[in-house]
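The structure appears right after this line, and notes come after that.
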Amino acid sequence: MSWLEELARENKVFAPRYEGDAVIFAPFDPKQEISIKHAATMPPKKTVFPQSEKLVDFTYSKDPENLSRILIEAKEILPKGTTVVFGSRPCDVRGFTMFDRVYLAEKTTDVYYKARRENTSFITLACEKPETTCFCHWVDSSPSDASGSDVLATPIEDGYVLEPFSEKGQKLLTSSLLENGERWILEVKDVHENAAGFLANAPDLSQAPQKLLDVFDNMEFWENAAAKCLSCGACTYLCPSCYCFNITDETTGMKGTRFRSWDNCMSAQFTMEASGHNPRPTKAHRLKNRVGHKFSYYPAIHDGVISCCGCGRCIKSCPVGIDIREIVQEAINHEPAIGKE
Amino acid sequence: MGNPRSESNKGDQVKFQEELKDNIRKALPELDVVIGWCGSFDPLHATPHFMRREEDIDKLEISPLSVHNLATYLPGLRGKKVGIVVKGCDSRSVVELLQENLINREDITIFGFPCTGVVDQSKIKKALGGHTGNIEFCDMSESVIVIKSEDKAYTLPMAEMLADKCSSCRYPDAVISDYFAGEKIGNKGEEDADYAAVETFENLSVPERFGYWLKEFDRCIRCYACRNACPLCVCRDHCAAESRDPHWLSQENNVRDKLMFQVIHAYHLAGRCTECGECQRACPVDIPVLMFKQKMNKEIRDTFQYEAGVDPEATPPLLSFKMKEENITEKVW
Amino acid sequence: MSRPLARSKQMKDKNHYLPEMATINEVIQETHNIMTFRVTFNDPQVMENFTFQPGQVGQLSSFGTGEATFVINSPPTRKDYLQFSVMRTGEVTSKLHSLSEGDQIGVRAPLGNFFPYEDMKGKDIVFIGGGIGMAPLRPLMLYMLDNRKDYGKITLLYGARSPVDMAFNYELQSWLEREDLETHLTIDAKYEGWQHTVGLIPNVLLDIAPSSENCVAVTCGPPIMIKFTLQALEKLGFKDEQIVTTLEKRMKCGVGICGRCNIGSSYVCMDGPVFTAAQLKELPNEL
């Protein structure tokens, strides 16, 4: 697409394409075909929240005034440059709104995330048809939800209609390669409504936060839910709204870097303390935390917003097919056994 | 290498399912849980099914979608009385676990059945044009798969959709079992394992091979699904890839660290891996990681004439010691 | 209860991950595995402007190894240095133990919440510390002693396995001699030369039997000690709102972002580490 080539002159452009059998967001290469017919295997999380990211560079040196003393200089490494992501889906980008509430909180702003978020624009494609694992409408979203995106592109017969949803988005649409799209407004509405029409009625999840707390001490419930879990990180790393990270240092000689990398609460090491005590020793505890965080703890401190976009990747990519929809609904419908404490 | 499964027919398949359920019904009262498979989130997927009560047995379903190697759950359930339904390849993982004392024989009840192969989801996806998100209907028979997706109907030959391991399978029947439902197909352990794909790859130049892995691992997200799906991985929670003591790997996103983990894992599995292929199947971004272990197994076969997961009394060659090795020439003093 | 989003884009945001460089001025070997570090920031302006509340913590950086969380256990009124006491347990603490005077470390502080010392005014206070658990109690206790008239009777019960496991040894005598502080020391088992009480902390607490009337108990120590101390306090009539403790958790960012230290929806680095027993009872059972 020549518009993308134009954007690529001033920005890093990412678009989904096949790498092996998986569709991932990769730097746009006009010689390689982009694949936007269906949602990508991995969301564009890496563009704003890289898999590993340098935070601080540090250097050791000898103090010239006192040679037995070693000085350390620490320097922050802030990200630079602007990025445009083309071909994300509403659920992919909505995940960043969950990041924003945490990473852009007033007193504890994450400067690295902020630098990337402010300099990344998303041209999101509205979905024409959901997949059977899609459940965005369960979590207050829809196939044409533009929250977090800068431009919403709706596919129509001859191309795409682009609507700006932010200042950044408006700037993107000032290209001479694009023509005015006003006359297709009704068609756009049709596509959006049509897509939403495919989705079956959403169950009421308003009880989820409290119900998940109610079954917190019921280890049998969680052991059953986690019986087939492998405690890997596929669900977490593919999730557009999972944002946990680890901080580690690496040194070579007199130089080193402190950087952060993706981490996941399903891993046994996540909460392991130096004393050897682990508050979440089994996969049942950890699955409880992941589901609890997304559907109960996050909503409790963020105005009831569920930290899940309904993209269904955790279901599709889980090696054993764990379905988070099932777990949440079981928790909601769980009646404590009569006679138990 | 003829497909030994062409002799069975669908009628037999249904019969053995009932016999299998009966076997489980008989054994369940003495067991804490029996693990099998059942239907999942769409007609094209199955999921591991944990049966604790009799009514759970009704949901059991064996089909070419029963891809998961359930042996991976056994070490974690040590101390409990566990029943496990196994395909031929799965049973080899159970044998390997028994060899290494990672599970107790008296605590395991093994249910075998004549396995006619499982499908490779990525092959089906390719046949459907890259999308399996809207499967409405799926029926699998001996020779053909019928799928209805997005109002289009597909008829796919089963032979082309089978997992690679199934096309050259020499152990369709469980090599060890307490109950066997249906007619055995017949194992062919005396035949040689097929490493043609590894040999073809090995014949590429070093830059070609390394370039291939550099490209493939670029998208690896270090989720360790490959590691955790492996029934024989013993380190798991204490993996060198996530350890600071010893500190062999960093957490940086680079191919060097990712390949290092794969190499460590392949070495840990040399002579123990039964090539069940779960590592590759579990990968959410479809990286062909099985080849590393196949290469190691090829070397083990050539050097020690040993195949993992066949004899519960055997010891993997790298866990044993011989004064004089047949195929290792020591330096002359 | 949601956290407000950053409003101004003009102001340069503070980089919460960049430690402030500091120099170790003094190292005290408290016990065989506890060392105390007195540090000052290299930038005199930062040292001058640094303020914190008793109970707040900091992340100490050993560049190349990592970071770990420690309470600032010097009282806020002491402006010449910040004091941290480190028990050697793992990778980072071992590295810190290898440092000496003049060495550089990074400090990210103050983090977390603090003891509700305003609410505790006019009340009797009972401090119950075990081993390294004395460290978080120290800044609050010294702060209260510096503001003596605001508080009623102050009692300290400090216990350890043996005299050689007691931290702040050099101060214990002065605490015993203070008239405005009732100090009880105890060790778990008989030890030659020990002239004070021998007994497990919860039992000694029951012997001392402080009145729960208008009193707040502040306790910190190993989990097993906390468990039985809470039981003893309950026996003595202390209500959950009258008991304050401080928790530990594996932490990385220290500012409620990395998602690691939560208990339910509470982040120990932000909503803690100081909690009342009443608040802990509201949280899911995941200590």
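So that you can tell them apart, the chains are marked A, B and C in the order they are listed, and the count of residues begins at 1 in each.
By our rule, a contact is a pair of C-beta atoms (placed from the backbone, for glycine too) under 8 Å apart; a residue touches a chain by one contact, two chains touch by 3 or more.
Because the structure is a prediction, the values reported are computed rather than measured.
Once CA atoms are averaged chain by chain and compared with the all-protein CA average, the nearest chain turns out to be A. Distance between Cα centroids is largest for the pairing of chain B with C. Remark: chain B and chain C have CA centroids separated by 51 Å (rounded to whole angstrom). The geometric centre of chain A is 36 Å away from that of chain C, both derived from CA atoms.
Separation between the centroids of chain A and chain B, computed from CA atoms only, is 31 Å. Annotation for chain C: residues 66, 91 touch two or more other chains. Residues of chain A in contact with two or more other chains: 246, 248, 250.
Multi-chain contact residues, meaning those touching two or more other chains, occur in chain B at positions 244.
Residues 55-56, 58, 60, 66, 68-74, 76, 100-112, 114, 118, 213, 216-217, 243-251, 256, 258, 260, 263, 265, 270-275, 277, 279-280, 285, 289, 292-293, 296-298, 300-303 of chain A are the ones touching chain C in the complex. Chain contact summary for the complex, chain C toward chain A: residues 1-7, 9, 13-19, 21, 61, 63-68, 89-93, 102-104, 106, 223, 248-250, 252-253, 255-265, 270, 284-287. Chain A meets chain B in the complex at residues 19-24, 35, 37-39, 41-42, 50-52, 129, 131-134, 224, 227-228, 230-234, 236-238, 246, 248, 250, 259, 261-262, 264, 267-269, 315-317, 319-323.
Note for the complex: chain B touches chain A at residues 33, 40-42, 45-48, 50, 68, 72-73, 122, 125-126, 130-131, 133-135, 150, 215-216, 218-219, 221-225, 227-229, 236-237, 242, 244, 250-254, 278, 281-282, 284-288.
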